[in-house]
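Letters A, B and C mark the chains as written, and numbering starts fresh at 1 in each.
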Amino acid sequence: MAETIISVRGLKVYYYTLSGVVRAVDGVDLDIARGEWVTIVGESGSGKSTLALSMMGLVLPPGRIVGGSVLFDGVDLTKLSGEELRRLRGKRIGVIFQDPSAYLDPLRTVGSQIAEAVLEHGVASSESDAWRIAEEALEIVGVPASRARAYPHQLSGGQRQRVAIAAAIALNPDVLIADEPTTALDVVVQARIIELLKGLQRRRGLTIVMVTHDIALAGEVSDRIAVMYSGRVVEWGSAERVIGSPLHPYTRLLIDSVPDLWSRRKVRSIPGEPPDPRRPPSGCRFHPRCPLAVEECRSRQPPRVSAADGWAECFFAGEAGGGR
Amino acid sequence: MAGDLLVVEDLRVYFPLYRSLLERLLGRPYKIVRAVDGVSFTLGRREVLAVVGESGSGKTTLGKAILGLVKPVSGRILFDGVDLARAKGGEARRVRRRISAVFQDPYKSLDPLMPVGEQVAEPLLIHRMAGRSEARRMAMEMLEKVGLTPASEFYWRRPHQLSGGQRQRVAIARALITQPDLIVADEPVSMIDVSLRASILELLESARRELGVSVILITHDIATARVIADTVAVMYLGRIVEYGPIDAVVEDPRHPYTAALVTSTPSISRRRPPRFPVKGEIGDPANPPPGCRFHPRCPLALEECRRVEPPSASDSGRTYWCLNPLGPGGLWRGVEA
Amino acid sequence: MEGGLFSRLMGVVAGLVRGPGGLMTATGLAIITMFALVAIAAPWIAPYPPDVRPPGAGLLEPPSLRHPFGTNDLGYDVFSRIVWGARVVLKVVLLSSLMSMAVGVPLGLISGYYGGPLDRLLSMVMDSLYAFPGIIMAIAVASVLGPSTFNAAVALMVVYVPTYYRMTRARVLELKNEPFIEALQAMGAPGWVILVRHILPNAAPTILVVFGLASADAILTEAGLSFFGLVAVYPQPDWGLDLYYGKNYLLDGAWWLVFFPGASILLLALGFALLGEGLSERFRVRGGSYG
């Protein structure tokens, strides 16, 4: 396997809120290889965004990293100062979010915003260089360079997301973190943005960490998938294997619960409700909703059972019950 | 047709677009958004019709027009033979109570202060279909039916004490309690946790099976639509571009936009057609292009598509509006971009 | 149902006092309650009649154990006058607030919900009323009606109706766009059902906040009215009136004649203002839909 670029070890990120401690990420280990596309899937509130953003050392208050480490190219991000982190971000790790308007300044042209970031991180030395790089980046993402002088509100939602991607890749980062980059977009536009990202991954060797709740999208585009449930990664492996023969009952039920346009199988909801992250169930956190649960699941955290290319946290992971 | 529950004929809903002060001073004319621009279809009893299409294509506006929440500028909506725009007084009320709605956001479509059971009972009181205690009893039963048990406990809860999925069940209970003939459901699952969506769809499906209601399911996700719909109307910039049995339309579409839509939908199935390529970003309903509205993005567009509005054509049960449609099985052969 | 009215009321109060802005709400409520108790129990609290010179009392006596707030130029006990005066101000202000609410809130509901020409007309009238300085308008109305507590309340009502109207209308405009109102319209609910059963309860917190803030303002305006003798006639006990007569002796060093009535006015106004601010804090924090 290729060189590891991000290595998450025993990571715990908790939010200290008035109504209790939210264990958003509660003991996660992952190794992400350079140049691969990893997708984190899971239900709302399972901790996907928190995990993805902590991979670039970004934890928003009242959140705190309470344990574990995040190694980026061998450097422990949890030990860096704010200034060191800031330099690393943008330059080596880019990020895009669901709503690009949230971080595009409505009063400045999109080109000048990209150029400014390019100058600030020392990628270009002169203003004209920076502007040229900005225009190139826009061309790469399929926005005509002439649109560099447009203001955000003059662009469509899909174009704004392209601008956000352009801003992220203009600095030529190693890793791009994409938190639900296409959730707000139409499927036809989504398909084109995903194709764009896929091209960047292939041609530039960009490592992509994407967050989505759409397991079909994850299956389509990723090399590897991390399935999150209530703050833990419960299954990890190649996209093909996780989708084709899931080890964890949650993964299987999740796949069975979402309709797929091209297979006319029946869909069934997972019984029960997602847990309250302030009071996660004991033992295996999925046990209250799991059809396979036995007494042991209630009391003990299940071991990590390895498979050919990953693992799952389930007492039954190795057996037929977990797979299909 | 006599047996149809709902007939929509050439419906148009326009909105005036906001003009800035400067534009007003300069005397620029009102711009209008043609949100729904000439839509016709029929809906049979017990039929589930999915309305799918791009964001901004007018799906929600179509639903609101049927619910009487926006006024069409022209066209007719006949419900069981009654023209909804013409019906007055008692007749209007009798017809209205046979049409119910379920909205997208279960966090906002319920009164935050009122116990949810009272909200389920409310339509009965509004339409004087039951007295207070009778309404309460029926609401309890309905809560039970949608799976909120024990109903006597859920009845007194406020919306914020329920999860999103439970709130949507309340909304469906409220829609069903008047025993309507038609439910208009606008994106009923898009804000629900993925793992719980199927059960909400199942509720709608069982309403059709057991109570015989027809459903208009508005959704941007055609995979969701295919779970429960019989027919589908694919909208693009205020118009229906293709209409027919959902299996036929999905598996073997004629209109290029439908082809783009179905092949862009993420899927983990092995058996799936190649992506149908389209250009450009989503259309702007304030400035629809002349001719076929899809032509600027269409890989199959002909010269005349720029000028001629395509007439309707029919082919084995489906209707489409396209001058250069895909042939049978064309979806699976792919197109050179 | 669950418990008596009193225990339910206490439950609501406890909830308000614990939430955000709770300290302000609690302090405000405590001040108001204190004055209310004083007003109710005036005959038992006041050591002397307010408008009779007690035997042995001197004129313009400074505060002492016998006369904690001193005596005035006629030898009346200032403390007793303050105690009895609380009745007047509370009566006028509460009556006027309730009347303003009774007029302003329904008009705001109807105007905001139905819109149209009626809304434009009402908004215009209310805006022009609102543009008048409150005290001047109150004096104008009260002078026409003549001095009495009821007339003063009517004058104050005219001043504060636009405040209730505008705030209610603004809240209705917000609520009108909420999907749950649209859902009710879709099910064919008549306008009055939507207004009374859904919009009014959801607007209630806003109205309560306005009640606190407008009442605080009304206390000051009321003091102005009574200062000009438009509420009570001497020797009836009345804070503003005492202020008026007391000011003549300020140069003689009789500070207690203005200090105690003035401080009472300010303290009571502060009580209502704190209540209003505390409530607004509380409800803003809980978000637009108070969910």
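The rule is short, and it goes like this: contacts are C-beta pairs under 8 Å (C-beta built on N, C-alpha and C of every residue); 3 or more make two chains touch, one makes a residue touch a chain.
In this text the structure is predicted, and so the values were computed from the model without any measurement.
Participant: Which chain has its C-alpha centre farthest away from the C-alpha centre of chain C?
Facilitator: A
Participant: Give the identifier of the chain nearest to the protein's overall CA centre, each chain being represented by its own CA mean.
Facilitator: B
Participant: Cα centroid separation between chain B and chain C, in whole Å?
Facilitator: About 51 Å separates the centre of chain B from that of chain C.
Participant: Could you work out how far the Cα centre of chain A sits from that of chain B, in whole Å?
Facilitator: 32
Participant: Between chain A and chain C, what's the gap in Å when you average each chain's C-alpha atoms?
Facilitator: Chain centres of chain A and chain C, defined by C-alpha means, are spaced 55 Å apart.
Participant: Which residues of chain B touch chain A in their complex?
Facilitator: For this pair, the touching residues of chain B are 54-55, 163, 165-166, 193-202, 220-224, 226-227, 250, 260-269, 271-272, 275, 278, 281-282.
Participant: If we count contacts the way the header does, which residues on chain A are in touch with chain B in the complex?
Facilitator: 43-44, 156-159, 186-191, 213-217, 219-220, 243, 253-255, 257-264, 267-270, 273-274
Participant: Once bound in the complex, which stretches of chain C touch chain B?
Facilitator: Residues 178-180, 182-190, 193, 197-198, 201-202, 289-291.
Participant: Taking the touch rule as given, give the residues of chain B at its contact with chain C in the complex, in rising order.
Facilitator: Contacts found on chain B: 67-69, 93, 96-97, 100-101, 103-105, 107-114, 122-123, 126-127, 159-160, 171, 174, 178, 184.
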